[in-house]
Amino acid sequence: MKKLINDPENVVREELSGIARAHGDLVEVHIDPHYIVRTDAPVQGKVALVSGGGSGHEPMHGGFVGMGMLDAACPGEVFTSPTPDQMEAATKAVDGGAGVVHIVKNYTGDVMNFEMAAELCRSEGTEVESVLVDDDVAVQDSLYTAGRRGVGATVLMEKIAGAAAEQRRPLKEVVDVCRKVNDNARSMGMALTSCTVPAAGKPTFELGEDEMEIGIGIHGEPGRERRKVAPVHDIVEMMATPIVDDLPFKSGDQVLAFVNGMGGTPLIELYIVFHELASLLDGRGIGIGRNLIGPYITSLEMQGCSITLLKLDDELTGLWDAPVKTPGLRWGV
Amino acid sequence: MKKLINDPENVVREELSGIARAHGDLVEVHIDPHYIVRTDAPVQGKVALVSGGGSGHEPMHGGFVGMGMLDAACPGEVFTSPTPDQMEAATKAVDGGAGVVHIVKNYTGDVMNFEMAAELCRSEGTEVESVLVDDDVAVQDSLYTAGRRGVGATVLMEKIAGAAAEQRRPLKEVVDVCRKVNDNARSMGMALTSCTVPAAGKPTFELGEDEMEIGIGIHGEPGRERRKVAPVHDIVEMMATPIVDDLPFKSGDQVLAFVNGMGGTPLIELYIVFHELASLLDGRGIGIGRNLIGPYITSLEMQGCSITLLKLDDELTGLWDAPVKTPGLRWGV
Amino acid sequence: MPPSQLEVVVTVTHDDVVRWIRAFADVIAKNKDSLTDLDSAIGDADHGINMNRGMTAVLAKLDGDGSADIGALLKTVGMTLVSSVGGAGGPLYGTLFLRLGAAAAGKEELTDQDWVAMVTAGVEGVQSRGKAEPNDKTMVDALIPARDALAAAVSAGEPFGDALRASAAAAEEGMKATIPLVARKGRASYLGERSAGHQDPGATSSWLLMRTAAETLGDHED
Amino acid sequence: MPPSQLEVVVTVTHDDVVRWIRAFADVIAKNKDSLTDLDSAIGDADHGINMNRGMTAVLAKLDGDGSADIGALLKTVGMTLVSSVGGAGGPLYGTLFLRLGAAAAGKEELTDQDWVAMVTAGVEGVQSRGKAEPNDKTMVDALIPARDALAAAVSAGEPFGDALRASAAAAEEGMKATIPLVARKGRASYLGERSAGHQDPGATSSWLLMRTAAETLGDHED
């Protein structure tokens, strides 16, 4: 394992020190329990958004704390959901009296920890609503499984709901916006290489020089299928077709197309992926109203990418375009 | 070689299609010869900035075209300087009557190609000034060599000089700002892994599981020294000490600290690097006035990082903070 | 047949419980890598790391504990796991210990009947938190057989040590039985059919918990 | 001793030059990988790729060329290299051919004297563009010995074929002599002492150029 780290046990703590030092103008980092809040929290009268999850997905979630996006993020250990005490402390720190939304990616660990946190917060009188993100079409959706994973749509939900909250919309409306994003977004990911969890010290899975995994998550989980590597044209087809067919996205739809890098794939490749995706969507009569290209929800140093499509309407487009000022996403201010 | 590409020969062209499609609101991409200009070029009365270099360093340079930064960028083949006809066409496309600055990284190929382009442009009456970037302390500076490479300072120069040009400063002043950035900036890079030039199909160099290269450039050139991997604390010391001692940066100085990812290193590690760098600078009494952390001048999918320090004064700080609106760097608007 | 109620036999002391917890921490530390390896195959390569972080935190808490209340002790263990493990393991093992603690609230000594009641409450907690059914390929597949074997042995009047050993053996069998299963809960469920052929990491740590109980509490004189 | 000036002997025709360029393109294509490998060791792994892209573009241009002017032909080669190769190789080989073209301007046939003058001008162009001195570990280390051997042989009145072969042999020697050198120009200079022990890729492609001249033009009857 080669990484720019000191001790595998201290990766998250040292990363948080770096974030605190770098972005002190935007965020405040609390240690024990770990959470990151915007410097002006709590914003009175504004619905607060709290998210969190394992570390290793940077800039998500800590990099999305700030004006127009999250009020707080709770970083867990690498690929490990944070704990209820972190979420409780973060929730209290950002509660501005208008209620708090927990944005929870649909993983058993995240769901249970956020559930315990919400119970704790509610028992002390804080109004908390939880929203699940489960946009990964690589996973079978069934009542008898853990359901779909939350992946790329999380970034979009945090941005769009953050804008809604910034407009001082009430709790219920912010929650509705979250659900609307989730209902209209679908994602799929693939990996050319595995990642290595620092504390584990070796790659989570082994891939041959000519193999790739299709349908991976963001935690180094193996995907649904191992295949021979292929030209990116074919890879994009393998990813985008199930996405488009699932919602389904239809001719005439306008979408936000999000091409995400897994952490080890450079921008030059992501632009080629985007080029292929645009051709595919052209062929289906689907317009790309907005796009986001880059490493926003990563899986350590994994090489690979994911594609997320979100069906846009005027409301979502307007909220996407609204100003945002966070370490990881910034425009309009 | 595993990459998200189709044909190694078409990497640059397909990437440019992706950029054109993604950022049509900010830039216009010309094919044959390849160059990228801001959509509102030429801006009358404004000094225009043109840069360029081999591809594989994304978002540099194409991602830095836009308001407050470059007027045009010329992408070469992967790791290969672009050609004079590209630079000539780009220069003419952005010339707003106030002169054009060529920002040239100090590589023999870049220097010669830009030289030929400048000769062509001048012979047709365009006022062109060239500025060299040569900030890499890993390379010996000597009259008898090609001199130091241009690396991280390029990004800072493009941003800062872009802001100066946006203020409608005259050609000479914009050139002076460029030189000031170069004179006050120093960089050094390291790699944990090699990168693979698509058309070459195999890693440029081989590194053992316990080895790293210190003092690498941004083209997969081997570094000055191969060493055993070490904790990032030691790595940062190996990189930052020669930087600090070279200018030298002194106690009381304020710097812009730029921790750059090489393309395959995720943000979580860059924050740890930044944390170590901040501690080292603290120990030397050097203040971090501004920072930039992320993959901005990359070397394909190489894992590794570089550190650039720029000594700040009020002028440089003000120009850094000025609004910028490009695909790769955006704030204030 | 109701259990024989000849006299109240103290089976487990506060010190015993502390020894059990310490031994479990030790076993987790020793099996950290193998648990993580199991999780690499069908999960995200952290189960051993997570459990070890949690049990290390628990050990630090034990050092300062002066009270003799077994319920309070187990509650502390549960709370510490909840706030240090994270992931799926944290809430599940945390809830398990919190429920053990609640069932032992105020007690300074435990009978074998108490133990059965506690384990029953703990397993119930895991199920109500995680909603897993038998054969979902989770820790529940080790815990339920363990609880059932324990309850049966105690109600049949078997010596407590034998009951604990029967419980551990049942956990082991349940753990092994997870190998062919296709996961329906937790992260492994994302793999669908590909999850078959691998032993569930959580079932493995649950077996270690039961085996440690047999080893540390099972030699107690009845 | 001045060269014997008995009569003007046409040594190279327009067709010969075309054959030389085509053959060089072919040689570059065949040696693309080995040139790139040399560049991996002390550069950025693209010299063969770059030269091949350039010569492929040149071939495309040749197909449409109807004129008999050797100067114009070589100028086209130079311009095409300048606008398609990039890197250090583009301006250097581009300038080389542009200067060859300038020296042959208007000519439809060349004498051996013309050839010497052209090569001299070409090498001068490379040096004025790149500022490399002998022993800097660049293509100049192949080109200068090649030029010198050519000029000496022609002025000694040797048959043109022999002169070209002498020139190629000298280029080869110069190329090999780059191996122990520490680079002082180009990308390899960044490596400092680590550049020693590797053959310069540009010197290698320059040798190939000279060798191809000997092979395609050297069998011409004097």
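For reference, chains read A, B, C and D in written order, and residue numbers begin at 1 within each chain.
Just so it is clear, a contact is a pair of C-beta atoms (placed from the backbone, for glycine too) under 8 Å apart; a residue touches a chain by one contact, two chains touch by 3 or more.
Just so you know, these numbers come straight off a predicted model, no measurement behind them.
When every chain is reduced to the mean of its CA atoms, the largest separation from subunit D belongs to C.
Looking at which two chains touch through the most C-beta pairs, you get A-B.
Spacing of subunit A relative to subunit B, judged by their CA centroids, is 29 angstrom.
Chain centres here are Cα averages; for subunit B and subunit D they lie 33 Å apart. Computed from the mean C-alpha positions, the centre of subunit B lies at a distance of 56 Å from the centre of subunit C. Not a single residue position of subunit D touches two or more of the other chains.
Shown here, the protein chains touch in a chain-like sequence that does not close on itself. Of all possible chain pairs, those that touch are A-B, A-C, B-D. Taken together, the subunit D residues at the contact with subunit B in this complex read 36, 40, 42-46, 49-50, 53, 82-92, 129-130, 184-187, 189-192, 194. Contact residues on subunit B toward subunit D in their complex (touch as defined above): 33, 54, 76-85, 107-109, 112-113, 115-116, 138-140, 144-146, 149, 197, 199-200, 204-205, 217, 219-222, 224. If you check the complex, the residues on subunit A that touch subunit B are 2-7, 11, 14-19, 21-22, 55-56, 58-59, 63, 192-193, 209-210, 212, 229, 231-233, 235, 263-276, 278, 288, 291, 293, 295, 298, 300-301, 303-305, 330-333.
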